[in-house]
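For reference, the structures are reproduced in the following blocks.
Below, chain A partners chain B and then partners chain C, in two separate complexes.
Presenting the complex of A and B:
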């Protein structure tokens, strides 16, 4: 009884997030990130006369740089508060997770702080990426030769 | 037209991430890991290449492109060296992304203090 009452009170006071609004914001901001990416690809391939494949590498490095820089200035969390997943799912979220871990553990020293903890969150992305890529690559090799 | 496609694809991926985040107890770390696996899965039979042709840079921006680049590099080397190639070429195409993220975060963390 006590437990149920407690749960009722907690439920009443947890702020209700508007899921439809969140999704809409994520769609628009995420879409704008995609447009920005395509714009940068076009810009780089026009400026440096390189193929779109090379230009997309430049674009990814640019986005990672700005993701890191925005985290350093403390802007990234404010943008994520507004833009939700529109900034986490793009590659900027990957940069943010590394940068924030590096900033947070910096006071513990270069090796035991930054070196040991930089990949704390981003490590899961790399590890699951490599394992799944190996697994699916193996399947493709066995099926298609 | 490719800009519209880029908007649509990147937006839809972000909406899926937001829906997972809102309706389950998974953290953003789970969502990004899930999308990397999804990107690798979609590229198993080169479907992601078709998406890139359709959406251009919009398909390279979400974290799914990371999984795509991993398996793409692995398969490229595998076509030359067989099973060992999977291990040799894994980081060929993602090297720029991972290295730049490590280098930028290392040097910027020396310059800046954490803000909360």
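Presenting the complex of A and C:
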């Protein structure tokens, strides 16, 4: 059988992903995450009498801490699996990916296990984040001087 | 290529499973189940090795034999360099052959053992396979605790070890023949749709088996494929019909049977080398001994994938081997 014809059979029996539903879930959970983040920023700047900029750093550290902690408890993966990009795109997803990889390789040594594998998923995000930051910085410098 | 055997029997089997299989519909047919993923071992890889050793222990105690009585030990698994099998064999100290055909390993092992035994080069052999969900996830996919969303066609690797003891000593389950499959590739690249990758291999092996033996598909009371999953199962049915004009009626798929698909996060069903033998050595053999099935064709399907080749954008080759089993009085 030709590959093209076989693909038709495969497509016929492959279920469609519920994209609209998934996007809606991600939209709502991501929105809630945003509300939580803003709430923390307001709270920290009120409590500690610090600027919004400083409070944002506190907020990010808080989210990373709880993202990692809940991953270690073993049930954050189920929440992320439900919330999808709503929890993966924010900093919680980044923390979750690093923590889960670190947990996975913890028995293979500090350097050869955790160190070498912790950035397995998050590594690409860092590399391309840095590269694009460089280029956008360059563009900004050229346009705005 | 099909080989017929005069005098090879499967005398005993041992099945050991993890927690998800133990919650599945065939839990009471397994010899032993664990309710965690470590079984008292420090890592998943060592735990998988323990699954194999446990299943061999079950077989040996059922046969009333010690490991020194066994002529040949054949084993394979999914881990790189088949380490679960290697470490099990290192403890067993039986002459050992390590084999790999991904999830088709079980029937590959049975084929090799049956040939040695029928040729009277050895008297008996134990054939094992294993897979471990977390070990396989770690090696082939994402970290276990990472919760990225999965596609509906994703399969869930079974956690289990299965062993079979073969010899010329008569027992109800006779190895009638085996068919060694050819590697098929119909251009599927999707690692999350293994059913679609492997269905053509299963179809070609079933067809070649029928041509070589001169039988029709109705000869068998059950054709059981390994791990196509619920979507791969319907792909195989349609492909078999259009390509070979064979209607698969008395047909099932071990991956679609092993879990409670509706209640567990297993998506399209099971996978892994242990999936087919866990169902076959327990439930199916039980049904055969009770004469519910007299002739069964087991078709183990394997996707010969490697993450390296997938990253290089190559399509995934697949293979299937078949073994025909008969009940004798």
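Note that in this section the second predicted complex is superposed on the first by the 129 of 145 C-alpha atoms of A that agree within 3 Å, B and C clash if a C-alpha of one lies under 4 Å from a C-alpha of the other, contacts with A are read in each partner's own complex, and residues count from 1 in each chain.
Keep in mind that, in the parts below, a contact is a pair of C-beta atoms (placed from the backbone, for glycine too) under 8 Å apart; a residue touches a chain by one contact, two chains touch by 3 or more.
Just so it is clear, the structure is predicted and the values come from calculations on it, not from any experiment.
Touched residues of chain A, counted separately for chain B and chain C, are more numerous for B.
Shared-chain residue A:22: touches chain B and chain C both.
Of the two partner chains, chain B and chain C are each touched by A:104. In the superposed model, A:121 lies in contact with both chain B and chain C. In the superposition on chain A, A:74 contacts both chain B and chain C.
Applying the stated contact rule after C-alpha superposition, one finds that A:10 touches chain C and leaves chain B untouched.
In the overlay built on the shared chain, the residue A:84 is in contact with chain B and with chain C. Legend: residue contacts after superposition of the two complexes on their common chain; A:31 is shown touching chain B, with no touch to chain C. The contact surfaces that chain B and chain C form on chain A in the two complexes overlap at residues 17, 22, 74, 84, 88, 97, 99-101, 103-104, 121.
In the complex of the two chains, the chain A residues touching chain B come out as 17, 19, 22-23, 26-42, 52, 56-57, 59-61, 63-65, 68-69, 72-74, 84-86, 88-91, 93-95, 97-104, 106, 114, 118, 121-122, 124-126, 128-130, 132-134, 136-141. Listing the residues of chain B that touch chain A in their complex gives 2-3, 6-15, 17-19, 21-23, 28-29, 31-33, 35-37, 39-41, 43-45, 55-63, 65-67, 70-71, 74-75, 78, 82-83, 86-87, 90, 93-94, 96-98, 100-102, 104-106, 108-116. Those residues of chain A whose C-beta lies close enough to touch chain C in the complex are 1, 3, 6-7, 9-10, 12-15, 17, 22, 71, 74, 76-81, 84, 88, 96-97, 99-101, 103-104, 107, 120-121. If you check the complex, the residues on chain C that touch chain A are 42-43, 138, 142-153, 186-188, 193, 196, 200, 231, 234-235, 238-239, 242-243, 265.
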